[in-house]
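The following pair of complexes shares a single chain, chain A, combined with chain B in the former and chain C in the latter.
This part shows the complex of A and B:
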């Protein structure tokens, strides 16, 4: 009974295609924000003078309501997937950058000195000690980025990006409770699964490389 | 052109939505955190639930409220509260449960009851994370309050959605820009409040390890 109703809604609103669109935007945004965020984190670590103003700027962007940010992007990037992906990146940049920077900078000096004592060069210390030790922190940042990206990709449905936000909006506007429930629960389940997997990876990295 | 009056009305509605839902979240959130402190199994349920709901996209939360409660002001408050409650509960709980065991022992040794220990030892210790949680919740509430306009809550989101429907960039911005202004004001004012309430007065000068 329930199963049939769910499949009816699922097929009528093409939820398979919507899910693919959703995950596509999600992956593209996440990959770009991780690459940009980690790079920016490393750059800030190299040039520490810029770290505070840069992180403060990103922090201020973070307080912007997500819907307002999407709207601000419309005159620049139009509607659809592009502004959605840009908004995802803007939001996810802070957690990834901040955690990369904090992770790299807060490696305990004793550990680094051990590296020097056994004769490692600067580059080797960075590669073999500093980066692995900060991995759990970086993974934590990526996990936050995953939650943010999921949220904004869903919001993208409102500005015509497709994905699972689109049937949610249709459901609200036309007051179709069954569509809202099926899509809403599905989005919720997807989000929890992704967050859970990221949490597991973070935990394993902490066990492997964590300092305590 | 958007009438100034419409923007003002929407801004006032927005502020009411934010503060009303924030008030409800604080009133519910802090007792929940205290409950979690005293009951192990409850603690597990509350914290697991908090983490789980945090991962769910806001739009999905707002949407699911519609079949449950319908549309309008109160469903919107409920949806915003679902979002804003979690940082408050979690941060208060973290603050309360991470109080220095030695201070707790000392308080017990002085003959303070459990309630007095919570009130005079644990709470002062929990203020900084608690206020950080409340500030985060306020900013989040402002963000969700735009979205709830889609379920008829009023507020600045009304202008945003009106603009989206009519492809009118001016109307959209008339909703979005004041909302960003409110976000920045909330951030600044709560940070100030946080400093005033947590500096010196509660923590005392001899409690450096707390800061």
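This part shows the complex of A and C:
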């Protein structure tokens, strides 16, 4: 019974296709956020004077309401996938950047000094000690970014981005509770699965590289 | 990249007039010290005495304000600092193993960045683990957190040995261990040290450790090197009260195992030497005015024997010469261990023993009474 209704909704609203769109936007956003965030984090670590203002700026962006951000992006980036991905990146940048930066600067000085004392160069210390030891922290930032990105991608349905936000939007506008429930639950399940996987990775990294 | 070794063997490390201040605080003040190749030099002092700062100026973790360190005549400023450090084994109290690397990678880190091949690194790691009594097949893949404190310290030692350095700097390497483990590791370290025969500069605040391990000990206090010497020199000739206090001169007997006959013997002045032909009655005055109750009797420039004040007094009215009452003495060499020597005297019921140098000349006398004065 329930299964048949779910299948009906699933087929009627092309949820397979929507899921693929959804995950595509999610992946693209996340990959770009991680690359940008980690790069920015490393840059801020190298130029520490800029860290405070840059992180404050990202913090300010973070407090901006997501709906408003999407609407504001329309004149600049139009509607659809592109502004949705941009919004995802803007929100995910802070956790990834901040955790990368914090991870890099908070490696215990004694460990780094031991590296120097046994004869590692600065670059060798970064590659062999600083970055590996910060990995759990960076993974924690990426995990937060995953949750943010999942939410914003869904919201992208409002501005015609496709993905699972689209049927959800339709359900809300046309008052179709079964669509809202099926799609909503599915988005929720996806979010939980991704967060769970990220959590697992984070935990493994902590066991592998973390301080004990 | 494989770099050339800055030195293969340490002949001499000359530390001259090293000073370092931090703001108003003088960490190290005009420290000069020669370390001879192959010796274990202990720097001892309380916290803030400058011992660690001095140590860290040797591998350029700290640059001195003034003064210099020369290794085999070359100022260490003329070495590439990374290359210098790779050729100095460094072991610290906190061990400093990298918790994100397993034992193999910790030990093989510098060989890896030096571009050694995998097989060579594996072979070196296995060899070093064997050396510190950790079977490589069990320990290579373990992470530092999976090791006990003692095992971690051994891995730290193995890592310091990775590049086969001829110089070691050790900063309280056993300080974090419980007393039993510390003692055990000290023993092991001593045997490794004898095997590898390298120059070691060792910082500690534990006088027993210093006495146990050090060939020579440098005592630091408030940034200054107060006195440098062998354990015996420090015990018997402390330069000031601070040194005396530190070496616990009032409790020297604790270190009696480390003494040699030379440390405990008394000098023998000319007045205690008599020719065999001298009449006993003539010797009486001289022996009564002396502090030492033993007379050494010489015949034809060679040693004939000894006799005691008691014998001289007893025979003062007999018509005898010194040669008549001399008996073959208990003799020992200056570098004999003191304890067995004293035990032998006790067994032979000898009131004194002559200390003869290699040429058979009398260099002093061992008298149990004055031994007691030496060690209390």
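The rule we apply is simple: the second predicted complex is superposed on the first by the 212 of 212 C-alpha atoms of A that agree within 3 Å, B and C clash if a C-alpha of one lies under 4 Å from a C-alpha of the other, contacts with A are read in each partner's own complex, and residues count from 1 in each chain.
Just so we're on the same page, a residue touches a chain if its C-beta (ideal position, glycine included) is under 8 Å from a C-beta of that chain, and two chains touch if they have at least 3 such contacts.
Small disclaimer: the values here were computed from a predicted structure and weren't measured.
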Practice prompt. Scan A:119 for contacts with chain B and chain C and give back first, second, both or neither.
Written response: second
Practice prompt. Give one of first, second, both or neither to describe whether A:197 is in contact with chain B, with chain C, with both, or with none.
Written response: neither
Worksheet item: Touching A:128 in the superposition: chain B (first), chain C (second), both, neither?
Response: second
Practice prompt. Would you check which partner chain A:111 touches, where first means chain B only, second means chain C only, and both and neither mean what they say?
Written response: second
Discussion item. One more residue to check, A:175. First (chain B), second (chain C), both or neither?
Written reply: first
Item to complete: Return first, second, both or neither, reflecting whether A:151 touches chain B, chain C, both chains, or no partner chain.
Response: first
Item to complete: Using the touch criterion from the header, give the chain among chain B and chain C with more contacted residues in chain A.
Response: B
Worksheet item: Residues on chain A in contact with chain B in one complex and with chain C in the other?
Response: none
Discussion item. Using the touch definition from the top, list the residues of chain C that touch chain A in their complex.
Written reply: 59, 61, 82-88, 90, 92, 94, 96, 98-101, 109-110, 113, 144-145, 159-160, 163
Fill in: Touching residues (chain side chain A, partner chain C) in the complex
110-111, 113-121, 124, 128-129, 132-133, 208-212
Worksheet item: What part of chain A is in contact with chain B in the complex they form?
Response: 60, 63-69, 71-72, 74-75, 147, 150-151, 153-155, 157-159, 165, 168-169, 171-173, 175, 177, 180-181, 183-185, 187-188, 191-192, 194-196
Worksheet entry | Residues on chain B engaged by chain A in the complex (per definition of touch) | 52, 54-61, 63-64, 66-67, 139, 142-143, 145-147, 150-151, 157, 160, 163-164, 169, 172-173, 175-177, 179-180, 183-184, 186-187
